[in-house]
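Which chain is which? They are A, B, C, D and E, in the order written, and residues in each are numbered from 1.
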Amino acid sequence: MREKETTLYLGPQHPGITGNMMVKLKVAGDTVVKAETHVGYLHRAFEKLMEQRTWMQSFPIVCRICVPEPDPNEENLARAVEEIEGREVPERAKYIRVMALELSRLAAYMLWMGGQSGGLGLYTAPQWSVGDRDYILDLFEELTGGRIYHMYIWAGGVRRDLPDGFKERVLKTMDYFESRLPEYDKLIFDNAIFKKRTIGIGVIDKEKALEWGVVGPPLRGCGIKHDVRIDEPYEIYDKLEFEVPTVEGGDIYARAMVRRREMEQSISMIRQVLDKMPGGPVYNKVPNPLNWYVPKGDAYVKTESARGEFGYYAVSDGSLKPRRVHVRGPAYVHGVSLLERILVGANISDVSPIMNSLGVCPPEIER
Amino acid sequence: MEELKIEKEIAEEISKTFHSAEVTVKREKRVVVKLRDDLITPFLSYAKNNMNFIHLAHISCVDWLEDNKFELIYSLLNYDNKVMILAKTYIDRENPEFVSHTNYWDQAETYEREMREMYGINFKGNKRLTEFILEDWQGIPPMRRDFDTVKFSQDTFYNRPGRENAQDVRTTVTKKSGEEIPEIGKDYTVRNL
Amino acid sequence: MEINWSSVIGIVATPVIAFIVGVLYGGAVRKITARVQNRYGPPITQNLFDIIKLYSKKTAIQHGVMQHLGPVFAITASVTSLYFIPVIKDSPYFQNFSFNGDLIFLLYMMVFGSLGMALGAGQTGNPNSAIGVSRGLSQMVGYEIPFVLALVAIMIQFKTTSLNELLAVQDHFTNWIIFQSPLAFVAGILAFLGMMHYAPFDVVIAPAEIASGPPSEFGGKYLGLMMTSGSIFAFVKLVLFVDIFLGGASDFITLIIKTFLLYMIPVLTGIVSPRFRTEQSILFFWKWPTFIGILAIIVVVLNG
Amino acid sequence: MYNDKDAKKIVDIIQSYARKHSLWVVAYGTGCGAIEIPPTMTSRYDAERFGIRGSATPRQADVLLITGYLAVKTLKRVIRTYEQMQAPKFVMGFGSCTINGGMYWDSYNTINALDRYLPVDVFINGCMPRPEAVISGFIKLQQLISEGKAEGAEKYLKNLEWYRENQNKVIPNWNMPDYNW
Amino acid sequence: MVSLTTLYEITFGGAILAFIAQHTIKQLRTFIVIVTSALGVYIVWRLPSQATDISFRLGDFQILWGVNEYSQLFALLIAVLGFFTLIYSIDFMKERERLGYFYMNFLIVIGGMYGIVYSQDLISLFFFWEIMTWSSFMLVIYCCDDAQSIGLKYFVFSAIGAYAMLTAIVLIWANLETTSLSVLFENFTNLSSGLQITVIVLFIVGFGVKSAMMPFHVWAPDAYAISPTPFTALFSGALSKMGIWGLGIVLLKLAAQSGFYVWVQDIVAWIGAITALLATFYAIVQTDAKKLLAYSSIGQLGYIIVGLAIGTPLSIMSALFLAMLHGIFKAMLFMSAGAVFYRTGSTDMNEVTGLIRKMPWTFLTALFGIITVAGVPPLGGFAAKWMLYEATIQSGHYFLVIVLFAASTAAFLYLYRFIFSLFLGQEEKEYADIKEAPLTMTVPMVIMALFTLVVGVFPGIFINPIGNAMGYFGNYTFNWDVSSLLNEWGNHVDMMTVVMTIGAIFIIAAIFITIKNYRTTRYVTTKDIHTSGEIPTENENLTYAVDFYKPFERAIAPVLKRSIDKTYNLIAENLESAFDFLRYVYTGNGQTYALYVVLFLAVLMVFAELIFGIQL
């Protein structure tokens, strides 16, 4: 028997979807009655592949788990190995790691800004922001050799030291970004229509947010201060001065403003890191990567990525290869159980902006 | 030892309530609890309702093929003191079945769906154990240790041979450091044939 | 029977000129948009390439006769409305049939194409198309009201519904209706924003929501004909507004300048605006533009 | 005056010129390569200079850009998308994983050689290819079009059985609707 | 042979014969019905040249029947529509029961309507009015038990109308001692102005109920929707025009003489315009095709009322033009909806879908119908809309025209919904075996559809006879070219040029798109659509039909919330319970009901006597 509601496929081949996934919407009129997330279009079986590779061989593939922002994955795996082994990391490497993480957060926010406003029909914003994001990618290219995939952070430190004059170039880029932010404010965040389209849309209830396991900007957009960087400071975050912005409201606009303010914080953090960065080696003596036995043990490590808390649960059985690495991306909850619930009752027009504002990133759901 | 005060208090409370639980404070903000499989549900319920561990961060599974066991790990987080509990248990690998915790946490549904698909664990009480990531999968659940992904890939997908003059990275690297090619490296050279 | 050759030439030449101008405007808009967006942008002839490419597609699919004829309805509406608009004032070539129709006729003729396209899009059976049509028609109710208010204000001010007589009134630039009836112009131009379907009123084709909406299932020659019609129709709307408010044009250069400047209003608005949801855009039109339109009529009535 | 043959030629030249300067890419980010598409399309690299533009639905599109590895689940959708496109249509394989599986050569869920399942006109290698590489791939495609060599769609129709066999081998449940062609 | 009495004899006699035939020789029944209605067409056609007025006394009253051009216009509409709907009903009603009852009442309705338009005095007008009302009530409750409460609603409103009319007649009789219309027109100004306005308002209420004028429209949507489709076509096409006929007389003959004509004009015009707008809004939110068309009817009648109320030559012309045309296109639309019902058993727009390839002729009719309603050139609706707008603007009703424009633009919404939901969209499996409706249904529909095209090209063939008919109201001249439209400022539209242009471009473009890539253009089913690369499963619904205009509904929510219908429903519920005892009296059985009506009339007369102190 034919169902009453219309089935609307949002994805996988759809301009409104973030990445390659599908949200099957049952709509009555333009209101979503039921939403079902379907994932698996990007399943590459990373966790299985890591079991086939040595710990160090896993680094090149973990960065592919989340394309817009690969560094938290490398950071997580590196810290998981370090925690199991009890390995010390040189101070300078920690600073460089934080710099890379914050740069990648900034890049991810630029990309998000494009997606968010592009989904709302403001096509100038993605053109600007994705273009500006390229300046960060240039920095990464200089630092790591790769625009997108860096494979830079690894167990024991980072792969290589900063090139000459890199610090100045980073500072220059940061200055440029700071000068651009007011323009983005004018174009996006202060735009009357943008506000009209985002305020009161896709609201997450504060109580529910805690119980559903919402993390990152969506949670901070509910007014709850929850950030791994202050809760469980890793690397040198406890030595930096920054605040974690929270905005009340729980709607798309609140989440957008959280990210907008975090961009300022990231810029200031990068400046602080460059300012305080000590000298010294960037990695300690490590074993031969192909012969690197990690002792038996397990570790759950967390990093705050642009979309929220990124957790890795790594188990080693004392052999060359990981026994199990479980990747828990923030989108795992945001993209499936949370999305399916808050889309009910939403307008078709708002589905794509809601997804963008939650930072749903399918590759980290299905790995 | 002063800084692990909260963690120790939590550990004490758990061991007081669950006598058979094996509680260790692993490091700052990490408490590991090993439990019998039938105690997991009471424990989660207790932690959620009485100890304010309301955030279920993830549910994970490790396949211990040698011991014929699956290890299930439930990670809970307390928003107030930001301590994380990892509750672990072992279940039988032959006929894996466990209780669903969807009535405690909505997002548990997703984790359980994935584990059913990847490990074949049947979570009783979960109403939506439908296909999640894979589509029309016919073999054994792929994340089990006895599933050979390399063989599967070679059988199913066309493997394009590599270039003849391609240099093996492993050989180059080991030559440089003067060590022998380890077993793992030899495995991988198979592919260049 | 004597054949009036100048009008025959006009009948053949008008659609061709309209098409070329429309296509080049389309390209220019893309170029200007690109420049605002820090880009180099495609060549100005890009839309022409696109249309030729679409026509030279080797295959096409259709879901039935209404989809087959949908673009035909669209081009019929565009070209017919073009024929009933005096493109160049007092020119024997480009008056065409403008003496045989009037503003209310044009108003209805312009809907003919939308209706045909809606029927064509409906037959494809694609829910995206249907949603797009539903949005488009709803939005049309929104912007038609201020537009009609503006037109009625002008009609009662000059006691005519004929475009040619309106042109005759605007013999000197101080007599342009934009100066004689500025409120009507404001209401009209706000409605014009909606008629051109640029952001923030592009909810009909919103790609991120309904994958380009009504034309979802149209490809190849059908999309080519639709784009052709769209180019002509953009020109029709521009000329209509120039004729009504800006005193028409007595030569092509004036026409190009006036229409292009007019075109820039929706384009530049669109570049910096996200899109409204359907009901938001309807209510937008029913608030200020309608109020201004009513004001325009009141002013006209009070002035005699 | 010229005869029919010349006239035909002129039409062909115009057609292939228009075709090559108007490549509409169907919006389908099949793999992680999709992350380099926004930079390619936006202000830094501005692919619109070459007439390359996104297209929301396959009916309107000319180019199917396979951005990276294809999971089996995606392959099915890609085939459907490809078959809904109108000829002449072109496929571009993007990234090493479309050539030989790349990083994921041993994954149980990703195909290794795209050209066994779809007729690929241009491959762009690298993991991942830079926007410059993508644009150079497009320019290669434009060359092929003007030389009349980009005939993937015809190849596909001619060897449909072979392609179907390969596709069926990988996709367990072939429940695609029948196309009347 | 051709005279009013023969017309009545044949029609009412045919009605009784059809009833008898149903119970004796069934085969004859259809024959009798068709012959009767065909003869009706013939007689009505020949009447103006041959008939003479008929006059006789009935008690105190002078009964006068006569033919004038105004009546003739409506009589022709009744005759033609009656003929077409009866042909249509042959196959449509084949499977139904109680066909004798159906056809008898059908013909009585037609006869009653003839009687109304040809009566020249108030008594026979009222008599025929009641005949029409009763027999149409019988047809409303014909279908099923559900119809009972709807029929009650219809009846209550009709009774209010009849009561108002009767009161007016009584007032006139009491003061002028006449029931003759012509005498009334002459002496109307002799009445005191208070009496004048009372009579006018009462008549407007009386006629307004039938023409579904707001706020008396409440009965209409349900009654239209529930009655059998052939009758609905007549109901909406012709029966509702009786109200228009009467309003025309009241507004242009009576009110025009009184001192407060301007007020009456404005008020009625605004009521008409608001009727048009609100009915359009309600039509947009309907889910049943027949109900949608019913609201559409109310809206169109609103336009007609506006045209009549404005009272300039052009506006009267547009109103009468639209009245005639509405009879045709609404019959077409109801018939096509009926054809869909005949084949699929439903007119629920959320259910039925994708019939275009199964029922091409029905689709064509519906397409012509919606284009005509929308008023888009080149079909006939454009001429009507054009004249109405021009007349409204030129008579200085500037804001009225905005409301009308809003209503007619919003009309696109429901029109598209009607045709999209039933004919376009996904072709579903459950409708795979549907065939085109039988010839008796398609032929009348297609003939009428082509007629709208003819009227579109040559509006003159309608305009000039209507111009003559308007001689009844005054000295109006319409000497237009057969294909042109002219407003009072001297602007014109030449429909010939328009149609030639549209036709030429359409044909050229259609040929181009057809021969281009003819060989490589494939037809694909509606299942092979862009669904983002996914493959829809069997039971998934790809038809977008439920809540089609949700965004628009949200935009007009403040209007819909304060719906008149809701208020009325409240009253109606109370009414129903108040009249609950009537359920014992009226059992759907004709005789019981007739008895009740007689009682009701008696009560009315007593009332009249008590209140006005006059002896009837």
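What we mean here is this: contacts are C-beta pairs under 8 Å (C-beta built on N, C-alpha and C of every residue); 3 or more make two chains touch, one makes a residue touch a chain.
Remember, it's a predicted structure, so these values are computed and weren't measured experimentally.
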Set of chains whose contacts include both subunit D and subunit C: A, E
Taking each chain's C-alpha mean as its centre, the one farthest from subunit C: B
Maximum centroid distance from subunit A, chain identifier (CA atoms): E
Contact-richer chain pair [D-E vs A-B]: A-B
Core chain by centroid distance, with centroids computed from Cα atoms only: C
Gap in Å, rounded to a whole number, between the CA centres of subunit D and subunit B: 38
Subunit B and subunit E, separation of their C-alpha mean positions in angstrom: 72
Approximate Å spacing (C-alpha centroids) for the pair subunit A, subunit E: 64
Distance from the mean Cα position of subunit E to that of subunit C, given in whole angstrom: 36
Touching two or more other chains - residues of subunit C: 37-39, 57-61, 127-128, 131, 134, 207, 211, 216-217, 220, 277-278
Subunit B residues counted as touching two or more neighbouring chains: 134-135, 142, 147, 149-150
Two or more partner chains touched - positions in subunit D: 27-28, 42-43, 54, 56-59, 73, 76-77, 81, 87, 106-110
Interchain pairs in contact, sorted by label: A-B, A-C, A-D, A-E, B-D, C-D, C-E, D-E
Complex interface listing, subunit A residues touching subunit C: 6-8, 14-16, 30, 117-124, 127-128, 131, 187, 191, 193-194, 196-197, 347-352
Footprint of subunit A on subunit B - complex, ascending: 27-30, 54-58, 60-63, 73, 75, 79, 82, 84, 86, 105-107, 109-110, 131-135, 142-143, 145, 147, 149-150, 170, 173-174, 177, 179, 181-182, 184-185
Residue numbers on subunit C that touch subunit D, as the complex places them: 30, 34, 37-43, 46, 48-50, 52-53, 56-61, 207, 211-212, 215-220, 223
For the subunit A and subunit E complex, residues of the former touching the latter: 1-7, 9-14, 17, 22, 24, 27-31
Complex interface listing, subunit E residues touching subunit D: 520, 522-524, 527-528, 530, 532-535
